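Next come the structures, one after another.
Paired with chain B in one complex and with chain C in the other, chain A is shared by the two complexes that follow.
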Partner chain A sequence: MPSRPAGLGWRFGVLAVGAIIALLVALPVFRLVYVVWTEGSASLHEIFGRPGLGEAVVNTVLLAAAVTVVAVPMGTLVALGLRRADVPGRRWWRFALLLPVLVPEFVLGYSWTQAYGRAGFTDTILGLPWPSVLGPWGVWAVLVVNTVPLTYLFAAVGLATRAEPNLERAARASGAGAASVLRDVTLPLLRPSIAAASVLSFVLTLGSFAIPQVMGTPAGFGTVTTRIYRDLSLGSDPLSFVEALALALLLVAIAVVVVLPADLWLGPRLRITRVAHPEGAPIVTSRGGAGRWIAAGLGGYLLLGVVVPLIALLAAAVTPAVGVSPSPSNWTFDNFLLVLTSRNAEALGRSAVLAFAAAALLTLLGGCVSVLERRRAGRAMASLVTLTLVLPGSTLAVALLITYGRWLGSGLALILLAYLAKLWAFAHRPISGALDRLPPGELQAARASGAGALTAARTVALRPLAPALLGAWLICFVTALHEVTMSSLLYGPGSETLAVVVLNSQELGRIGPTAALSILLTLVILVPAVPLWMLIRWLRSPRRVRGGARSRSLAHAH
Partner chain B sequence: MPTDATSPYVLELRDLTVDYGGVTAVDHVSLRVPRGEVLALLGPSGSGKSTLLHTVAGFRPPTRGEVWLKGRRVATPERAEPPERRDVAVVFQSYALWPHLSALDTVAYPIRRKGSRRRTAREEALDILDRLRIAHLADRRPAELSGGEQQRVGLARALARQASLYLFDEPTAHLDTHVRGVFLDQLVVRREASGAGGLYATHDAEEALGLADRVALLNAGRLVQLGTPQQVYAEPVDVWAARLTGPASVLEAAVLGAGGGRCAVSIAGKVVTVEGSADTSVRDVVPLLVRPGWAHLGGELRGRLQSVRFRGPHSDHVVETAAGNLLIREPGPPRQVAGADVTWTLSRTWPLERPLKSPDSTAQPPLVQL
Partner chain C sequence: MPCRGRGRFSLLLPLALLPLACSPGDGGSTDSITLYTCVNDESIQPVISQFEADNSGTEVEFFRAPTGDLNARVAGDVRSGGLKADVVWACDPLTMQGYVDQELVGEWTPDNASGIPDQFRTDDYVGVAVLYMVAVHHDDVPAPSSWSDLAGPDYESVAVSDPNVAASALGALGWFSQAPDYGLDFYATLEDNGAEQVSTPDEVTNGVAQGLYQAGITIANSGYLAKDEGSPIGVVWPEPGAVAIYGPIALAQTSADSALAKDFISYVVSEPGQQILAEAGSYPTLPGVEGPEFPADAPVVYPDWPTITADRDALLGDYQKIFGG
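== the complex of A and B ==
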């Protein structure tokens, strides 16, 4: 893009966005450091000597490492496997693999306990319980299932943008077999994507709260995030409060220690401008049975990881009590009727309004940063926003609480601030990526045809950007609706979100109603997601964009 | 797979058909490339050149028909050998250089895959880079190379493969003339040593006619004509082929008789005898191909000068005649201004015996190419 001296409007935009970032993130984090420094320095020694704390820190780091080590190769393998043309139902698998993301993480964790735990689904039907589903192994397994969609996406995008088919064909034509091509060309090309996926997977696991809380806490397996939750919700002594603050700071320190070297190394490598082949074309069409095996493997993985747990959840929701066999004759809707209270309806309303507002504001903020970063002056904004990915939700929530809690109280406003701070990067990434793919010539052509800056953006850029904007909104809406790490720390009387209600219900051990609520929460997202997804698909379909010209040229092409 | 070691052909396609994305991209093509020959595949974009090349390389299986390399059947619809087991080297569209490898390692790659040690492979690679006069770029990665330099590295990698068939997939910017010369020299060495051949896909007629021993014209996946560059230029099978292979004017005139390499045609009531062969039975009005050098200004036929373009070494005159518009290329600067009445002579023609597809195409001004 051509750069000209930043105009007044530009400078104002940078200042405004900078101020929002400062208020949302920087100020609270500095306040956190300050408070820990002044209040805690005397008692830090005492805090870190408290029982179980060192173990929680070790657990957290080991868990993050163990999840990353498994989820990244799995996601990469899946992305590589799905490039083969002979996998039956390729398009369908690409969508199905993202399914775990549509289920709230703590619902997924909870449904695993219902599926594989004692008195669970497999225990009742096959007599095959997996007792350690509660505890570190279960937490690890569900976190892996929850992380694989992300690592798969990174690898798939990396393959599509970096591994141009001709690069691999060139290696084949140079005499390399399929395995050598993978080793010498494909994986080296993917290295930046794999590294980025690893960093993100590590950091997200570090900050994950819901799954360890649902599956680890009952078995006495604690992590830093569950300990912060315990300190703030159950702890009554002032030392617990200071401990929560110190842990919040420690969590971000660990994240920074991991991310900083990775970011320094990756920074210049992550700039992607060209998309070689969005579908990731198959390199050599071979007719082996491998495709069917890949499909079978994916099917087994999704069955065990998502489908069986969700069926178990459904079974738990429609059976009247624990131990009753989930056969059709015993089915009842009592649990659903039980949870349809006005309190829960209010919580659902709050959740919906909150997520809707947060997603709308986030799309706006993400769009602002994406536009601002086109110029040198705004690039720092984008880096800052990306850095917020490193901030674990617990840290952010604690920091916002001690900074704005006394004015805003514990309530919806504070939760909204937390969503904005936490999800800004989520909204920024897709919009920025779509802007990168927009050929600069198109906007310049519009300007040269007599359109002003705004008219050019509206008439030429808005249409190709629409899927990304809607996608960003949808991601933020779903994530905000499912968010429980920060909401569970920030809610007060009368401001519970539905996700918090489900978590609390689960902690009370009410299996049937919890399962019913979980299913409701999972289904709620379908209301905006299905029409939006169809709209995005419709906007993206090439026939709409290029009209008849494409179909006509296709008849001659190839 | 059956083999025939005595085959004189490095490549043989037998009734090859390739479907791709619901379209028949290559449609019943049979052709042979003898040892030591460079065959150009000339066609507009979307004519199936790339798909044909990819099928020969092994990136795509045939739908029907067979591919034979050096007397060995390598691909049938049932069984296709992978590219690494075929004796071919490919120069890719936009070069396809690996961004993470230096020029030296890129060129050493095919040598390494043949089992050479890293040291020997690098020495050999350096030797090839040296022959293409880019040894000083050995340590650079693609991002640090200019377009022309990338092109040479891509060629060097193909040479390093020591293949018996070289495939060129439409090198986007046409080959730099100097690089082309160096490369063809290398290919000649290979041809003499091992009888290597080449298959060069391009949409640029000048390039195809200039470097190939024979040219195959492809239209919508079908082989339209196969011949030497002179043949496809001077004796194209139809109007489409004529326009594809160079600047072409098409006049409508009756052929009255032919024999001994000359024929008599009637243009606007005047009968002229010109160089050119024709089927003597043709007496109707047929489209006649006239290349820019086949007609000259001055003479007995009349016309009006529609436009003149000065092109440096020569000037292009478009003359409106009773039989259609005609492009006449004369050396030097323009001698007349547009709008003037001029006379002209026809010295040579080629009857395009097939009827024209669209009746108005003779009325169009001829396609003038730079």
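== the complex of A and C ==
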């Protein structure tokens, strides 16, 4: 497939997607550079020489590195552990591991302070506070919990596509121990997937804002994104605004240094054409209860990382006032009633429709880049769509406002553009991984039998790609629904989204209603997630795949 | 090929759904203005609703966001065709003065602004609501009578909010830095005694209510709200006075001819407008209009905003040496 000469359709595809990348990524970034250059070039040395900036840059890079070196091995270990057939409830764990992603980022950070901080849940109940939860250690821990599901997904996809069970069995039969097989056979094969997860984890942490702001700033721990927020907060004078934009571009520069070489090096190595077992290669399980230990470890991780913080949040939501004991006699649902208004419901509905549309378009765009990047002409696209992922939401929103605000005004159209620009890489990376598993022979056979390009793609490619497409859609939908920063800056009169409701609640400064709203937001995602999980499981079930393959064979025979 | 049409439809579905999300309501021919503000929803909505009810056929569309986002939105507007607001209602004079310096707002105040005390207005904007920085203390410790008590031996842990984030905290910093017997040494002593900095005044209130801190400096609305809900705290207006930070309203220079925009500002400054604002929980600036809880003879002091505006960077730099960040 890769060696075929580029046709007209292919060239059109490259041009069309290239144009969209130019509109969504290149032009807004260029506008930021232009504003910084025209309005702040004389002050750049002053901006970058300001006290504390060096420390913020070091903090940001160290934090990104510290999160990556822990989250990537953890995600990989979890994926390796869940290959074992002796882990009780293996399929359930695969779903449960995604829980941290389903909880909004700002809710996760906030709930940790309620759970483990001084006067928090564990302090009140057990007398066990963790004072460092506010500060670099707390920020690091929550970011790790938030990143592990992503690195796990990468490792799981890597295992499904790259593992060589026969090689592993051969090594075991030749007398190699489990550790040797892991070190000498499995991990070297997984190396490109691990490296890709590392790049994304690093870039995501560079641009993370909500958790450092909620948990780091009170302890004097600043990052580049919290500094940008500070500049904007007191930035009604033009220089502070230019400083915020310059710092955002600094993040882009750091991302370029990391992403571009990694993509150029990794791209060709990540691409394989071999079809692997879709559930990951099963291995021989050893006896001795290791599976139970793995399940216990996963349970502990989820309990401490998500469940206890959410319980703390629930306790705050049913407590009438801060400082009042969360004992059953004090429980009230007033906080829930306060946020359950028709106006909030309308905003939620608007956000849901917007997130639905954004996720659908992103899945399409992600698929396009995944296909086009397999040729030389489209290779840089994957790196380019990652650049806007690292831009802090506020800066990307400003970039789109100054690029398109003149024509689009403010409102949902601009918010949609912001979602597409910010989340394109989110949609692209999982689809790109799944495309490797697509058997090229079947597509060619369909075309040779007279099927048009679209029919061949629909009947042959779409079915095996369905889980990945649904996964990409889901991750974009959830992220878009939770997004606060960009939509709160870009919404127009009469088009309030969920973000406006969330910010209003937070700003009123009352913990009870904020906690109640956070619980409801988490439920809004969790409740539909269960049937969707069942749907994905059904789509991936071997019986259905075999049935689909059989019906395709029959269709070809006719 | 039974599915061909469905396939196309599914591609168009997301685009087809967008108008559903974009429907703000019925159109109709109304005279409308756009308001940019950082004032919270609970305070702004009743004022707008009453103005629209009093002036049938008019509509006040508004963009509401925290000061940082408001600044970003204004900066974005300026670079994409100009400010899109007719009226700006800010939460502190520092932000508004920045807009005046960029010639975005100002050069007009309503006639009835003369009823507002001098310390709450300039020739470009007029204060319509006030935030008072007061002291809160946990029920387990005695109430401070003066600000200097917080730096004394009775309080081992005090919380202050970040002047880099909250303009009210910057106003307090500005006043303390110039006040006799206080100065920046006040903050240095607080820090030496174990005081901690949190982000916003609300976090100060919550921290004191949770027992994390014995006392703190916060805004009166936040303190009274928590106390009324049952939090174990007390609210004190210490000597020499609670620090008053006013939220000003101004006309956009590009809307100098908009009668409706001017009418709206006049309404917010007027007694009925101030009354609505007071009932919604804000402290009004117009004398004689009764607002939220205000102890009899409570002392009040006023920061010198022009000086704070001029010295902001140096002031924040010196403060940063004490509390870091």
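Structure notes:
Basically, the second predicted complex is superposed on the first by the 379 of 558 C-alpha atoms of A that agree within 3 Å, B and C clash if a C-alpha of one lies under 4 Å from a C-alpha of the other, contacts with A are read in each partner's own complex, and residues count from 1 in each chain.
Here is the rule we go by: contacts are C-beta pairs under 8 Å (C-beta built on N, C-alpha and C of every residue); 3 or more make two chains touch, one makes a residue touch a chain.
Please read these numbers as outputs of a predicted model, since none were measured by experiment.
Of the two partner chains, chain B is the only one touched by A:Leu189; chain C is not.
In the superposition on chain A, contact is made by A:Ala357 with chain C only, not with chain B.
By the document's definition of touching, of the two partners only chain C reaches A:Ser495; chain B does not.
When both complexes are overlaid on chain A, the residue A:Leu167 reaches chain B alone and has no touch with chain C. In the superposed model, A:Gly177 lies in contact with chain B only, and not with chain C. Taking chain A as the reference chain, the count of touched residues is higher for C when chain B and chain C are set side by side.
Counting contacts by the rule stated earlier, no residue of chain A appears in both its interface with chain B and its interface with chain C.
Residues 20-21, 23, 25, 45-46, 48, 51, 54, 57-61, 80, 82-84, 88-90, 92-94, 96-100, 109-110, 113-114, 157, 160-161, 167, 220 of chain B touch chain A in their complex.
Partner chain B is touched in their complex by these residues of chain A: 162, 164, 166-167, 169-178, 180, 184-185, 188-189, 191, 283-287, 553-558. Residue ranges of chain C in contact with chain A, taken from their complex: 1, 3, 7, 11, 13-15, 17-18, 20-22, 24-25, 34, 40-42, 61-69, 71-77, 79-81, 84, 94-99, 101-102, 138, 162, 164-165, 167, 170, 196-203, 205-206, 209-212, 222, 225-226, 229-233, 312, 317, 320, 323-325. Taken in their complex, chain A has these residues touching chain C: 35, 51-52, 117-119, 213, 217-218, 220, 222, 229-230, 232-238, 240-241, 244, 320-324, 349-350, 353-354, 356-358, 360-361, 364, 394, 397-398, 401-406, 409-413, 416, 454-455, 458, 488-489, 491-495, 500, 503-504, 507-512.
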